[in-house]
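Listed next: structures, encoded as structure tokens.
There are two complexes below, and they share chain A, which is joined by chain B in the first and by chain C in the second.
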Partner chain A sequence: MTQTKSAVEFKQATLGNGLTVIAEVNPEARSVALGYFCKTGSRDESPEVAGVSHFLEHMLFKGSATRDALGVNLEFDQMGAQYNAYTSEENTVYYGAVLPEFAPRLLELWTDLMRPALRQEDFDTEKQVILEEIALYEDRPNVMLFDWGRAQYFAGHPLGHSVLGTTRSITALTRAQMADYLARRYVPGNLVLTLAGRVDWERTLEQVAQLTAGWPKGEAPRAYPEVKARVGELREPYPKATQTYLAVLAPGVSAQDPRRYAASILANILGEEGNSRLHWALTDRGLVESVGAGVDEADRAGLFYIYAQTHPVNEEAVKGVIREELGRLEREGVRPEELERAKNKLATALVFAGETPMQRLMSMGLGYIYNQTYEPLSEIARKVEAVTTADVNALLEEKPFSRAFYYSLVPA
Partner chain B sequence: MAVAQVETLPNGLTLAVEERPWNPGVAMQLLVPVGAVNDPEGMEGAASLLEGWLWKGAGSRDARALADAFDDLGVRRGSSSALEHTTFAAQFLADKLPAVLSLYADVLMRPHLRAEALEAVRQIALQELASLEDQPPKKMFTALRRTVFASPHGRNPSGQKAHLESLSAEALQADFARRYAPRGAILALVGGVRFESVREAVWSALGEWKGEGAGYPAVELRPAQAIHLEQDSAQVQIGLIYPDISFDHPEFYSARLAAQVLSGGSSSRLFTEVREKRGLVYSVYAAPNGVKGYSYLTAYAGTTPERADETLEVLQAEIARLSEGVTEEELERTKVGLRAALVMQDESSRSRAASIARDLYLLGRVRTLEEIEAQIAAVDGPRINRYLAANPYRNPWVATLGPRKLVGAE
Partner chain C sequence: MTQTKSAVEFKQATLGNGLTVIAEVNPEARSVALGYFCKTGSRDESPEVAGVSHFLEHMLFKGSATRDALGVNLEFDQMGAQYNAYTSEENTVYYGAVLPEFAPRLLELWTDLMRPALRQEDFDTEKQVILEEIALYEDRPNVMLFDWGRAQYFAGHPLGHSVLGTTRSITALTRAQMADYLARRYVPGNLVLTLAGRVDWERTLEQVAQLTAGWPKGEAPRAYPEVKARVGELREPYPKATQTYLAVLAPGVSAQDPRRYAASILANILGEEGNSRLHWALTDRGLVESVGAGVDEADRAGLFYIYAQTHPVNEEAVKGVIREELGRLEREGVRPEELERAKNKLATALVFAGETPMQRLMSMGLGYIYNQTYEPLSEIARKVEAVTTADVNALLEEKPFSRAFYYSLVPA
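Up next is the complex of A and B:
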């Protein structure tokens, strides 16, 4: 159900143990979404435990001191929960949605799982699943493109760490290393419990305070080394590719940067499917199978990216066109009518972004992790509307695309 | 709970509207009965080419002006051609409806389809077809469906290389004139609009749209068999297709619940036996699937070569074991899960518009949430087990892709 301004209310509390709880309460919603956002990911890993964040995310579902793996799966299904988890370079997110009567039970389950048992037998079985997941992506050059491209671009900076890790790092990983990582990273000060939809706020607070009363306080630091991004070009042959896959990575704005609305609009003008600079220069001419552009707004760092997939014979032509378009963009800036069109589409997207508690959960939880603030959709809409051509062109004046890195996977 | 109002207009277009007056937006789903199944013989890929070509200019606008006009109205849109339909999906603000419909009317009735614009469309289609090689699961399923169907339902929606290369602008223009028609097309709108005013706007924009369309071929099956595609992949792809009962069968919900027990959640049998207990795969599932006139159960697993034989064996054994019945406990949680999924899907106007259109295509009417809930509630343990004993899943078509053939796939 779409939000009406009056109905939606934001709530926030920090418990005695340091755990932050936030909620966007919408009494008109028909479901409740809730989950834990842990500020940890592959950028917080040392090389010898590469992939541990993601492997640990899998291990949480294997149960706690009082629950086994099959029991956990059974409980989620008994509630009819729509749930999952994901791990990125910076965050590990556990989320689920249920009908309101099951919300307290879902909250109890997630909270218990934040203290997993990490049984050796489960660890060994799940290691096989992770190795299968790595093998799965090996067969998909469009996925490996970004994994390997980021590693090259960030040139040793932790943001270039692979989320999955490698067959070698996962094979060597021990249960003790994972337990150590868990103890350091899954501390109350590094977690945000987020809820959205038909939430009973008072009851939630009371319940979570009780459930986490025994959690010891703790903070988890994160290192912020300077990004010294790679510039230039790298082509790598890949035997599993028959097409050419190209990623262009360039310095962008961070998740904390107030210019991020302008950056999103810039990416839209550059690479939105159906009507953008790259669409007309490449897709409309049949030079690519697909092309797109976007932003990755990370913790105190960020990037613009372009993705293109093409037949190998087009590789040089495609790179040439992209260079030309990026050069033109930096020289001439964007036009007012391009800005207006991008804003119109974003305005429509924001209307639909409020429909389900699950959508709100994601946007709210991540927003809070990065900025410790809550932005209602109406506020985001206002900020998008306020972006001017001068704002977008100011980003271009820093010449981000003149410092771009072109990474391609080509048939071997 | 709103109910969709449905009316077939005099030109054959079926219109469905679910009013959500609190919603400032509208989600649109338009199915046009143009897909790979009714691509003319020797023109496989025509539906895909037409879909791309339509956007190269329509009415008084060239390609750019057309895209700009949609953007000026703040329309978020997507379109694609598949096996049975070409789908046009859009979201926009409710007050833009008449203007948006008039743009779609240009695209559907007055596209330029100029020969000089076709080459770029053809190049994209050829690249899309070639990229199948880099997507092993999709490649395997494409081959599997070709093994199941003797009729055009086994075609690759991306077309055939030789046909894509040789199709002429004239042949495609003639095909467009014949197949792009309101008869059999379905337009579903969900959001802050009123049925009466929508009907008026639709009639004003699309009332002149005429044509009977191409209809659909009958489904013809091949005998069950196993095929193998040799590829030096890291994982072996395993796909199975089992015959299932149709969408309008009285025991449809028994079959749907059984599929959920098999693969509906992480406590389902496949996930538990193949992934959780044995760690054989990252991905394993079974899902009800089908085309109009033939329903089937698709099963999938991806695993590394040395574990592939065991994976196939466990997968087939679990599916066969369904005929022995499900427990009351399994049935109970499956019902809870289906009901929750329905309610949550319904919260999104986009997914509601898509399911209304799909219901109208497959059933000729729109099911309400209440109706589905009642049907699910009516399936009890004895009934589903009677059904499963009488209708075991067996004799699948099997496809594998990987470095070597599997023993159990014979």
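Up next is the complex of A and C:
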């Protein structure tokens, strides 16, 4: 296949107030995606404000000093924007895509929302929404499995903090606590404004410099205590579980680790749905409803995970098969044909995940947050292509799965 | 905004056996999407084989003379393909996307599957899957609403045929009936092989000519009886309904009708979720769980539809508000600011729906099936931009909503 020359260009600048702006400019694109990546999440919360990052994300859509919630909604709608936001353990991301002519307006809107009004009335109303969301998730053992499993695995480390918080922490949270968190975390040094697609770079820089001229400088440090992960097994009866839900958590690689492509390939070989070692050993034999494996590459820490859902009568058999497969993997390593299949899958998934400005935005913004560098898609694809069985087997030689933690929710 | 020159090129050919091949070649793309569009669906079925199009779609994945179901699955997987198929009242579409190096292999696979083995054992097994699918949908009044509502509205016209068929028709269906349907409908003259993305056009043509050299020529006609749509109201008690489900169906425009962009804009103004006349009149006032409107542009026929879900106590109030809003719309027409907002929405949605080869494939293949022409995205966008309030109001002057049919499923 001949490679075509790509007109895509990476741009980067840091404003006087410390705000970083990055863009992947693609003149061939038909849309512009842009958003703010804030390096803050539940790992940055103290226990008394557990869930404040996620609650604050909701509050941004309630408006600023000059906009109310209805106005914010209508503006997104008038632009025909596709937009959303999410909060994880480590990041809070606000993103949207529009036709190029609306890009300045979308930028103005997101920038204004970074300084939310946090009106008491909106705060009180939204608190009820969050509490309902928590109650809703508690009805779903497959969701709580990871929330609670991580808390146990990370054993006090902030990476085990729940994104949603608890009914108790949210009920007790005050507007003043949220305002304090906002002031400390949403500072220019902790935000990356990211753009992708048909971006007018010069105009963007000029506009954002003007819009954020009044923002006080600031950095928001993050704590990196050592991870002392739990090993062994924990079974918790849960009244809302009608099946057995199992999570296996084991030490993996971080978002900064050059071995992360090898780790993704390993997880694919182990547990991709439809065709993987665990699929053939469990799903195909009718032992589970579902099983899968993946990686969570976090800031200076990471893990491999496996999840399985099964009839309670099969619980021990399923755990037995998983231990056996993990043992075999650590003893024998992976086969070349498995590696090739997994590389094809990963390379294709990367391409599909990079075909639109919105998708590029997400991958580029997170990549920058973790590594302060830009990697074009072609470079990532090259790194995937370069992974060898020796690379994957080197990960296995560290025996991560021998240090796994088995967490399950079982019917009460 | 400066327009960039696009390297996208349209290609078209008809093979000796009558098979049409079309491609939107984009050398900048990173993937290739390709698939077969078969112009056949439930409207082309006689009552005794109701559901055969959809059942046959499932059977293709069971393999050909030289491939079994497991082999088909593994091949898609080895290529890292994203793929699927669907059946509607008018079309059966098989589509997938891969990295460019796998395109010849994906083409070979789809082409082979167009000649399925229809093994009796697979047929019997899959029949149970289809029957379970029907039972599953019958548990969902929001799905059955349109299936049953269309049957009543089209009053004997084939566009009212259910895609799934019925428990009775599927139970009675034989392998021989399916083989007969396949032989009559999956003929080269009724298929369009569609490709999009980084396509090697010459190589594709050569390969497909070779692969389909043995296919006998053939055309598959479609009947176009006159639509004599039902007007008025029908309420049906349904034991599985806990809420009231309402569908309003009214005469619209066909997929061939140049007024279809105006029709889409009208439906958006009327019933887009989140911001539209029905949203403000119903959702915002708490009268419904959900409400929306849209168009169904079919082959030489079309309709506007509205759906609403509400607490039974509000049923009459909701119908009253809908009649009132439709009456006002027909009397007063639409306002310029509504038109602008809807045009922005539609233009943006078009761009987002055309950013990847897979999405281009779907839009291009269906466009060709209905109009035997190719329209680049820029041309469609131009047509949307050109719609005026006069265009939309001309549709309303035909008083489509005065000839509406109100169909509801209510708790038994």
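By definition in this document, the second predicted complex is superposed on the first by the 407 of 412 C-alpha atoms of A that agree within 3 Å, B and C clash if a C-alpha of one lies under 4 Å from a C-alpha of the other, contacts with A are read in each partner's own complex, and residues count from 1 in each chain.
As a convention for this text, a contact is a pair of C-beta atoms (placed from the backbone, for glycine too) under 8 Å apart; a residue touches a chain by one contact, two chains touch by 3 or more.
If you're wondering where the values come from, they're calculated on a predicted model, not measured in any experiment.
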Fit-or-clash call for chain B and chain C when the two complexes are aligned on chain A: clash
Partner chain(s) touched by A:G156 [first = chain B, second = chain C, both, neither]: neither
Which partner reaches more residues of chain A (counting touched residues only), chain B or chain C: B
First, second, both or neither for A:V98, with chain B first and chain C second: both
Which superposed partner A:G16 touches (first chain B, second chain C, both, neither): neither
Touching partner for A:V288 - first (chain B), second (chain C), both, neither: first
Touching partner for A:F352 - first (chain B), second (chain C), both, neither: both
First (chain B), second (chain C), both or neither touched by A:G327: neither
Partner chain(s) touched by A:L377 [first = chain B, second = chain C, both, neither]: second
First, second, both or neither for A:A69, with chain B first and chain C second: first
Which of chain B and chain C A:G232 touches, first, second, both or neither: neither
Chain B region in steric overlap with chain C, selected from 6-14, 132-140 or 276-284: 6-14
Common interface residues of chain A - those touching chain B in one complex and chain C in the other: 1, 4, 28-31, 73-74, 77-82, 97-99, 274-275, 341, 344-345, 347-349, 351-352, 355-358
Chain B partner contacts - residues on chain A that touch it in the complex: 1-2, 4, 28-31, 61, 69-70, 73-74, 76-82, 97-99, 125-133, 135-136, 138-142, 239-243, 273-275, 279-280, 283-289, 309-311, 337, 340-342, 344-345, 347-349, 351-352, 355-358
For the chain C and chain A complex, residues of the former touching the latter: 1, 4, 6, 27-31, 73-74, 77-82, 97-102, 198, 274-275, 341, 344-349, 351-352, 354-358, 377
Residue numbers on chain B that touch chain A, as the complex places them: 20, 22-25, 27, 55-56, 63-64, 67-68, 70-78, 91-93, 119-124, 126-128, 130-131, 133-136, 232-235, 264-268, 271-272, 275-283, 302-304, 332-334, 336-341, 343-344, 346-350
